[in-house]
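Before anything else, here is the set of structures, which you'll find just below.
First subunit A sits with subunit B, and in the next complex the same chain sits with subunit C.
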Partner chain A sequence: MKVKSRETIAALMFLAPFLIILGIFFVYACVRAVIFSFTDYNLFNTPRWVGLANYTALFREANFLRALRNSILYSIIVTTIQTIGALIIASILNAKLKGLNLFRSAYYMPSIASSVVITLIFLWMYQRRGLFNYLATQLLRYAPIILIFLGFTLVIQTVLVLYERLRGFPAKWFDPALLVTSILLSAAGTFVVSILGLVSLREVPPVDFIWLQTKQQIPSRPEFLAMPIPLIAIMIQNIFTTIPTFMLIFLAALKDVPISYYEAASLDGATAIQKFFHITVPAVQPVLFLVVALGMIGTLQMFDQVAIFGNAVPLESVITLAYFVYNRMFPGAQLPEVGLASAAAIFLALFTLTLVVLQRTIIKSEVK
Partner chain B sequence: MDDAAALQSIQATTRYTSEEMRAWVARRRWALAGIIYTIMIAAAIVFVGPLLFSALSSLKTNPLEYPPGLNIPQLYPSNWIAAARLGRLGGGNPLLGGFKPGARIPFRITYFVPEDVSAELPEVIVPRRRPGAGLGAVMKIDYAADYAHVSPVMEAERAPSAISIDGERVRGEYITYSFTVSYPGEGPPIDRVPVDITSSPGVIYVSSTLTASRIERLGRVASYDNLAPGFFGYVFRNYVRVFKEARSVSTGKSLFFSWTLNSGLYAIARIITNLLFATMAGYALARFNFRGKTFIFMLVLFSQMVPGQVTFISNYLVIRDGIFGLTRLFGVRSLLNSLWGVIIGGAGSSAMIEASKVFIMKQFFESIPREVEEAAMIDGTTQLQRYWRVVFPMARPALGAVTILTFQGAWNDFFWPLVVLTSPEDIKTLPIGLLSFRQTYGAAGDWGLILSGAILSAIPVIIIFFVFQKYFLEGVSFGGSKK
Partner chain C sequence: MKKLVKMLTAVLLVTLIALPLFAGGKQEKQTAPASVETASKKEVQIRIMGYGGQDPAVVVRLLDEVIGEGLEKEGIKLSYEPLEGDYNAALFNALSAGTAADIFYIPVETAPGIIATGKVLPLNGLVDTSPFIDSLVEAYTFNGKIYGIAKDFNTLALHYNKDLFDKAGVAYPDENDNWDTLREKIGKLAGIGDNIYGISLPADYARFGAFAFAAGWKPFDEKGNTNLLDPKFKTAVEYYTGMVREGIAVQPSDLGQGWTGGAFATEQVGIAVEGAWILGFLRNEAPNIQYGTTFMPVGPSGERGNFLYTVAYGINTDSPNREAAVKVLEALTSEEAQQFVLEQGLAIPSRKALVDNPFLKKGTPEAEANRVVFEGSRMGFVYGYQFGKVGTDWFRPINSALATIMTGEKDIDTALKQAQSEIEALIERAK
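Showing the complex of A and B:
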C-alpha cells in the first residue's frame, strides 16, 4: 500500500505541469463554455441565466443554418473523396517498384506547408485570370485533339487485344503492353492528323468562370444539395492538401499485408479491381475508422480557409460552424455574443462526437 | 504479380514455346511498371505543381499576367548580368542596387520601326511613383524623380531588317537609342529609379539593356520599376519588397522580419515545453500505476477531439485577465497581443503541452522493455533524477518526432494566434501576418508580394521536412500503425 501511494505521488509529480495546463486551458475552458452557453454574457454585462434560449435562437439564425448546411456538405464530400483518393494512391504506391519513396515525399509536400500558404496560392490560382481558368481554356482549345487521341487509342487497343486473343494469348482489355503500344501509335496518328490540318485547335474565348465573388450554387437545386461555388473551391483545395497525409496512414497499414496474398489471388485469376476490394480494403479496415474520423473532425472544424478567403468571397457562401463561432465572439463593431457563440461551439463539439461515434459503428458493422 | 497466373493460363491453351510465353509475360511487367511510373509522375505534378508554379510566378513583376506562362525575364542570365551591372553603376551595389550621388547609368533600348512609320526620339522620364500600396505607402521616402537627371536621348545604331507580324512580312529597321540617367550633386541615397520610356506610335519594342518590367499603353510605354535594381533587386524583386515595403507604422521595422522572429520564438518555446513536460507526462502514463490513470488517459484522447472553438472563448478571457491576475506579479495586466499569451493559453493542437505529444511519448515508452531502463537505474537517486539521466536520453527517436511535429504545428498555427494577436502589426506571427498581407495587397491585385511572402514563410518547414523526412513520415503514420 505504501509502494502504491508513493507511485501515485511520483506519477502526479511527473504529470503536474501537463495536468495544470490541461486543467486550466481545457477542462476549465470546456466547463466555462457550457456555462456561458446558458447565459446572455457579452463580455461587458453580468451574465444572466437564460436556459436553452441560446440553443433555440441558433436554429432561427439564417447564418447558423447556412453554416450548418455548408459544414455538413463540406464534410461529407471532402471526407469521402479524400479517403477514396488516398486509398487509391496508397495502393498504387504500395507496388514493389524502385524509387517510389521519392514520390512519397513529393506527394507529402502540400501537407507540410501551412494552411495559409496553400490557401493564398489557391486564392491566386482561383482569380478570374488565374491558373484554373487558364487550364480550362486550354482544355477547351485542345478538346478536338484530345478526343481524336482518345478515339484512336480506343480503336487501336480494341484491334490489338482482339488480334492477341486470336493468336492465343490471354490478353485482357487493359493489357499494359498493348496499352502502351496503342498510346504511342495513337499519339503518332494524332500528330499526323493535326499536321495534315484535318483537325485544329478550337478558337475559344478565355474561360471566365468566377470562383470567388459569386453567390451562384452548383447544382442550383435541390436546395439542400446546392453548394456555393466558393465552397467548392475550398473543397478542391482541402482534398488536395489532405490526401497525402491519409495516404501515408494507409501506406503504413498496407505494408503489413504479405505480398503472397496478392500472388495467391492472381493465381486464382482475380482482377486488379477484385484484389483492391478483397485484399486492400479489408487490410486497411483497422485504420479506415481513424482516417474517416480524422477527416470528419478536420472538415467539420474547417476555419482557416474561410478566414483567409475573407472578403474575397461572400461570407454566407463559405461560412462554417467554426467560423460562425469566431464571428459571434469577435463581430467587429458589434457587441460579442458570447452566449450564442458558446452554444454554437458546444453544438459543433457534440455534433462532431456524435458523427465520429456513429461512423465507427457503421464501419464496424459494414465489414463484419 | 500476375506473372504466374498468366503463364499458367497460357500453358493451358497455347501453341507457343515457353520461351515466347515468358517474353510475352515479361513485356507486360515492363509495360505495367512504365504505366505506374507515369501515373506517379502525373500525380507528382498535381501535388507539387501548384507550389512550384507559384514559386516561379512569384519572381514575375505581375504574377497575375495572362496567359500565365513560364517565359520569365527574371530567369534569363543576360538579365542577371545586366541587373548586377546596372546596380553597381547606380548604387555601387551589384546585389541590391540603388541610386546614389554620382551615379551614371547608361541605358540602351531598341525598337523595330516599320517602313511606313516615322520614328521620333523616344521620351524618357523618371516618374514619381510609390512602391506599391498598403503598409509601405505611409512611409516617407525620397523620390529619384527629385534628384535624377536624364541626358538627351541619342540614336546609337540603325540596321535595316524585316520581321513577320501576324504571319505577314514587314520591312523596316531596328533603331537603338541610348541615354544616361545620372545623379548629379548631393542628396540622399535612394532605393529605386523607376523609368518610363515612351516611343512614337507604331514602333515596336524589341529589347533593352534590361528587359522592361512591363509594356503599357498598347506597346508605346516601356516601364521599368528600377533602372538600377542589382541582381536580387531584379530576380527576387518581390522578395526584396516583402522585407522593404511592409514596415511597422510606429517603429519603421520590417514587419516580415518581426513576424518570422515571432514565429521562430513561438515554435522554440512550444518545442521546449513539449520536450520537457509532454515526455514526462507520457512516461508517467506508460510506467506508473495509480488511481485515475485511465481517467487521465481518456482526457488525453478526448481533448484532441474537442474543437478549438469550444475552448478559445474561456482561454481568451483567461489570457485577457492575465491568467487570474497572476501576471500582475510581473507587472503585466494582460497577455493579449503578446507572444506569452499565445504560448501559454492555447488548447488542443495549440496547447503549451500538447495531449497528442503526450500520447506519442506514452506509446514510445510502452514499446521499450522496462528491463532496459531498470538495468540502467542508479541507486540512491530520486525518481525524477533517474528519469532525466537515464530514461530521457533513451527516448531520442521519439523526441525527434515530437520536436519536428511541434515545430511544424507551431510554425503553421493559425486560429489561436489569430485570437490573441490583433495589433500592432509587428506582434503577429507569420501565418496571421500573411493574412494581413492578403487583406492589404490582395484588393490591389499585388500578388507578387503575397506569393513571395507565402513562399518565404514555407521555406523553413520545407527544408526541415527534407532533412528530417523520416520523423515526419513516421510521426504521421504513428497513430495509424499502432491502433
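Showing the complex of A and C:
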C-alpha cells in the first residue's frame, strides 16, 4: 500500500510539468472563458453578469450565422474528401513498388511546409492570372491535340485487343503491354497529324475564373447550402495539405494488416477494388475513427487560412467560427467584445464535441 | 489509495487555478519599486511600444543617435519594444494586463478603439500642438481632447515612369492635370504595347478613396453614416473601374504583384498611386527606373482628394513616470528627430516648419516625391485613413464592390447597392 502510494506520488511528480501547463493555459483559461461568456466584459470594465444574453445575441449576428454555415460545410466536405483521399493514397503506397520511399516522402511534403507558406503560395496560384487559370487556359488551347491523341489511343487499343483475342489470347481491355504500344503509336500519329497541319492549337481567350474577390456561391441557392467560391478555394488548399498527414496514419495502420489476407483474396480471384473494400477498410476502422475525429476537430477550428487570405477575399465568404471569435475579440476600432467572443468560443467547443460524439455512433472505433 | 489520488488531483487542480492569482499579485509588486525610483529622482526607464517589421531598426537608431543622449542627462533611459504580428491585438492585451509601455503608437485607423479604453492620456496643456500640421492634430482629437502627436505621415501622389512616357511621346502627368486630361495620357500610354498599362489601380479603398474625395464625396456624414449611393461616389467608381474595364489600367494582382509599387517596378505600368513609402522600395528593387512624382489629379469637384496615413505617439495613463514620458514624447517629435526620420526616406515629418526644409528642395526625384507627399496633406479634400468605430472592416464592402465591378461580375448599381446595405449593417453593429 505504502509503496503504491509512493509510486502514485512519483507519477504525479513526473506529470507535474505537463499538468501545470495544461492547468494554466487550458483549464484556467477555459474556466475564465466560460465565466466571461456570461458577462459584458470588454477588457477594461468591471465584468457585469448578463446571464445568457451573449448567447442569444450570437444568433442575431449575421456574421455568426454565416460563420456557422461556412464552418459546417467546410468541416463535412473537407473531412470526407481528405479521409477518402488519404486512405486511397495510403493503400496505393502500401504496395510493394520500386522507389516507394521517394513517393512516400514526396506525398508527405505538403504537410511539412507551414500552413502559412502553403496558403501564401495558393493565394498566388488563385490569382486571376495565376497558375490555375493558366493551366486551364493551356488545357483549352491544346484540347484538339489532346482529344486526337486520346481518340487514337482508344482506336489502336481496341484494334490490338481484338486482334489478340482473335488469335485466341485472353487479352484484357487495359492490358499494360498493349496499352504502352498504343500510347506510343498514337503519340507518333498525333505528332504526324499536327506536323501536317491537320490540327492546330485553338485560339482561346485566357480563362478568367475568379477564385478570390468574388461573392458567387455554388449552388447559389438555398442560402444554407451555398458555398462561397473563396471558401471552396480554401477547402481545396486544406485538403491538399492535410491528406498526407492522415495518409501517414493510415499507412501505419495498413502495415499491421497481414499480407496473407491479400494473398488469400487474390487466390480466390478478388479484384483490387474488392480487396480494398473487404480487407483494407475493415482493417483500418479504428484508425478511420481517429482520422475522422481529428479531421473534424481540425476543420471546425480552421483559422489561419482565413486570417492569411485576409483582405484578398470578402470576409463574409470565408468567415469561420474560430475567425468570428477573433474578429469580435479585436474588432477594428472598438473595445473588445470579450463576452460575445467567449460565448462564440464556448459554442464552438460544445458544437465540436457534439459532432464528434455523433460521429462515434456512425463509425465505431472497434470492429465487431 | 484511490482517495489519496483523488485528493492529490483536487489539490493540484485548485493550486493550478489559484496560481495565476499569485502571479498577478507578484506583478504588482514588481511595478511598485519603479515608482519608488521616480520619487527618488534617480533614473527613470521609459518604454516605447510600436510596430515590429522595419520599425525597430529605425526607432532604435533614433533613440540611440538622436534623442537618447540629451534625455540620459536628465536621468531618462529609453527602450523600444516592438509588437510583432497584429499590433492592435497585442496592444489591447498589454493595456488590459497593465503591461503596456509608457508611450505607444496609435495608428490613425484604430485610434477610436484605443482611446475608448481610457488608457490614453489627453495631452491638452501638456504638449504644445501648434507646430504640428492641423489635419494631423485633428485626426487625434476626440471631444476636444488631443490624444496623440503624429510622429510622421504619408499621403498619396502620382509616381510616373519617365521612360515609358518618353517612349510613348506623351507629356508627363503634372499638377495641372484633371481627371480627363490624366485619363487621356493614360490611354495614350497604354496604346504603345500589349502588356503596357497607363496606370495600376487596385480594388482597394486605400487608393480609390482619394478619387472619391476628389469627386466631392465624404466618407461619413454628421450622424456617422456612409452613403455609397451618392452620385459623387458613383462618378468616382465609374472613373476608377472604367479604366480597368477598358484595359488601359491594370490591377496589380493581374501582373502577379501584391501592390501597385510592385506593379510599377515591373516597368509595365506608367503610373502608380502610392505614398512616400514607395521610394525606399524603388531604391532597392528597381534602381534603374527613371521616375517623377506629381500631385493627385484635380477631380470633378475642382479639388484634389487625398488620404492622410499616420501613426501617433500616445502616453499611457497608467504610466508611473508621466512627466518623463511627456519629455520623451516631445523629444520624439522634436525637429531634430523628425529631420532624422525624413532623411531615412520612410515618412514625412508632422511639423509645419519642415516645409522649408532644405532636404525637400534638393531637386532629386526622391526629395521631389517627398515634397509632393508633404504638400499633398493640405491640397483639396484630405481625410484621415480612419473609419469611425467600425475600424478597417468598414471598407471591406467597398473593396469587394470595386473588385466585382472591375472583373465584370456585377454592374456598378447592383454592386453599390449591395455594398451600401453591408456597410449600413457594419455601422449599425458598431453603434
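FYI, the second predicted complex is superposed on the first by the 357 of 368 C-alpha atoms of A that agree within 3 Å, B and C clash if a C-alpha of one lies under 4 Å from a C-alpha of the other, contacts with A are read in each partner's own complex, and residues count from 1 in each chain.
FYI, a residue touches a chain if its C-beta (ideal position, glycine included) is under 8 Å from a C-beta of that chain, and two chains touch if they have at least 3 such contacts.
From a predicted model like this one, the values you see are computed outputs, not experimental measurements.
When both complexes are superposed on subunit A, subunit B and subunit C end up clashing with one another. Of the two partner chains placed by superposition, only subunit C is touched by A:Ala62; subunit B is not.
Once the two complexes are overlaid on the shared chain, A:Leu184 sits clear of subunit B and of subunit C alike. Of the two partner chains placed by superposition, only subunit C is touched by A:Gln216; subunit B is not. Using the contact criterion defined above for the overlaid structures, shared-chain residue A:Pro314 touches subunit C, although it does not reach subunit B. Set side by side, subunit B and subunit C differ in how many residues of subunit A they touch, and the one touching more is B. Once the two complexes are overlaid on the shared chain, A:Gln127 sits against subunit B and subunit C alike. By the document's definition of touching, of the two partners only subunit C reaches A:Asp208; subunit B does not.
In the superposition on chain A, A:Ala333 makes contact with subunit C only, not with subunit B.
Contacts of A:Phe44 after superposition on the shared chain: subunit C is touched, whereas subunit B is not. In the superposition on chain A, A:Tyr262 makes contact with subunit B only, while subunit C stays out of contact range. Among 99-107, 369-377, 387-395 or 423-431, the region of subunit B with C-alpha atoms clashing against subunit C is 423-431. Contacts of subunit A with subunit B, set against its contacts with subunit C after fitting on chain A, overlap at residues 4, 8, 12, 19, 24, 27-28, 124, 127, 129-130, 311, 329-330.
Interface residues of subunit B, counted against subunit A in their complex, comprise 1-6, 8-10, 13-16, 24, 27-28, 30-37, 39-40, 43-44, 46-48, 50-51, 53-54, 57, 63-64, 66-68, 276-278, 280-281, 283-285, 288-291, 293, 296, 299, 303, 305-318, 323, 345-348, 351-353, 355, 358, 383-384, 387, 408, 411-412, 414-415, 418-419, 430-432, 434-435, 438-439, 442-443, 447, 450-451, 454-455, 457-458, 461-462, 465-466, 469, 472-473, 476-477, 479-481, 483.
On the subunit C side of its complex with subunit A, the touching residues are 1, 4-5, 8, 12-13, 15-17, 19-20, 86, 88-89, 92, 95-96, 109-114, 116-119, 203-204, 251, 253-256, 386-394, 396, 399-400, 403-404, 407, 409, 418, 422, 425, 430.
For subunit A in complex with subunit C, the residues that touch the partner chain are 1, 4-5, 8-9, 12, 16, 19-20, 23-24, 27-28, 31, 43-44, 62, 124, 127-130, 208, 210, 213-216, 311, 314-316, 327, 329-336.
On the subunit A side of its complex with subunit B, the touching residues are 4, 7-8, 10-15, 17-19, 21-22, 24-30, 32-33, 36, 89, 92-93, 95, 97, 99-100, 103-110, 112-117, 120-125, 127, 129-131, 134, 168-170, 175-177, 179-180, 206, 240, 243-245, 248-253, 256, 262-263, 266-269, 286-287, 290-291, 297, 300-301, 303-304, 307-308, 310-312, 321-322, 325-326, 329-330, 338, 341-342, 344-346, 348-349, 352-353, 356.
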